[in-house]
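Next come two complexes built around chain A: one with chain B, the other with chain C.
Moving on to the complex of A and B:
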């Protein structure tokens, strides 16, 4: 359950774009050993709407093609094709702003979870009704209630403005 | 018949009431000098215009600027884009444009205006907008 919550929290955080604080940076001692941790002593990359230029480029190790592209970047940018410009963007950054702001559909999980637990609670209440509640008091049966009402009317309970005042004694019915 | 003590009490009450009505005109504002919009803009233009600006300073400046509750003026962005050119960083230039669009929030007319103002610079430096590269959508 702890792992599930941590995963959900990490999911929420990455939705906000704080990839630096992902689960890989969190110590989760699952089987006595420690899982791989990010080195927090070096600048980290993060996709955040409020931090357009992160502390380091996304891709650290560049292939030969990337390196030559980086060289070309030093010249006039008008000579770069669209694909080259896109490649340069993807070297520096992981997600575009549009990708960061993409809806996650997390709300479906939340609403589904809400209904599930309400349903589970319903089952618990049902079980409780049959196994926990004491026997039904006989004073609540319709028969007993009818006798009780008759007795109250015979006693003339609240005859002026209340109970018996609403009973028509001549006709023998409620007014 | 009102006793003298009560009269004295009423007198002090009305006196304090008068004291409360007088200082309405005096507000407790700070006396620090407020920077005008032009001063703010020119400060930032100067920051990005530094010829030997390094990558850290570009990133720090940009992240700080985006942290403010405003959309930067085109002249500040022009200075920042030229700093990107000096640092041979096209990706950051495109990222800055994305950040401006995001900062505008619900005010959809700001971003086209900014791009329109920056169009000569974008053409001169060869910076493509996110729309031209197709990264404005998922």
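Moving on to the complex of A and C:
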């Protein structure tokens, strides 16, 4: 890899088909083989919310009926019927804004996936609890905790507003 | 009167000043309210709690109790 000379690189490129580099084309499928390439050097159509007027009309090749409709469009528009106006729109555009903005329901997949993986993680954590965690330190036993509480009360921890303030020293019980 | 074709020119300047004129007094007021509320719900009760605690506090009695419980290292409980 380190000693790849320029000559070797040119050889590799030529074998992969320099045609792909000479025209301004783009492979549509990525894995080897010759696939249909869109010519990126001419204006393209796109359905985008932020581009209301794409670079070219949607229908490039017009049928005879479409061509006659386009001729009629050059006259007064009041003479066009509603269906003709819609047909003209569909010649220029693929989807309407309403169709582009249509909700996809993708969020259900996303939320479902989130819950699924949270659930799976829960199972993993449960398995860890039984197979990975070391034994508890003895300071978490109930006995030890009781001894700890007694010592804290003996030391009068936070006697004004906090811990020991809640203990009744005369009666020996919590207030 | 304006013709039906032209619109009112929107405000082009002083937008931040207008917003501040409205929001700053509110901000100061809320901050003041928060401070006063904290004073009367937290600091005054706390001062009172400390005053009450120390009004009848016998430090020698508390010390003896702690000593007997065995929490000190400098003095052992009276007995040993």
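Observations on the structure shown:
Heads up, the rule we're going with is that the second predicted complex is superposed on the first by the 96 of 175 C-alpha atoms of A that agree within 3 Å, B and C clash if a C-alpha of one lies under 4 Å from a C-alpha of the other, contacts with A are read in each partner's own complex, and residues count from 1 in each chain.
Please note the rule applied: a contact is a pair of C-beta atoms (placed from the backbone, for glycine too) under 8 Å apart; a residue touches a chain by one contact, two chains touch by 3 or more.
Nothing here was measured: the structure is a model prediction, and the numbers come from that model.
Once chain A of one complex is fitted onto chain A of the other, the partner contacts of A:143 are absent, as it touches neither chain B nor chain C. Between chain B and chain C, more residues of chain A are touched by B.
Of the two partner chains placed around the shared chain by superposition, chain B is the only one that A:85 touches, whereas chain C remains out of contact. In the superposition on chain A, no contact is made by A:170 with either chain B or chain C. With both structures placed on the common chain, the touch criterion links A:36 to neither chain B nor chain C. Applying the stated contact rule after C-alpha superposition, one finds that A:98 touches chain B and leaves chain C untouched.
Of the two partner chains placed by superposition, only chain B is touched by A:76; chain C is not. In the superposition on chain A, contact of A:60 is made with neither chain B nor chain C. Looking at the shared chain after the overlay, A:159 reaches chain C, while chain B stays out of its contact range.
Remark: chain C residues 46, 49-50, 53, 62, 65-66, 69-71 touch chain A in the complex. Residues of chain A that touch chain B in their complex: 49-55, 57, 73-74, 76-80, 82, 85-86, 88-89, 91-93, 96-99, 101-102. Considering their complex, residues 151, 154-156, 159-161, 165, 169 of chain A touch chain C. Here chain B touches chain A in the complex through residues 58-59, 62-63, 66-67, 85, 88-92, 94-96, 98-99, 101-102, 125-128, 130, 132-133, 135-138, going by the rule given at the top.
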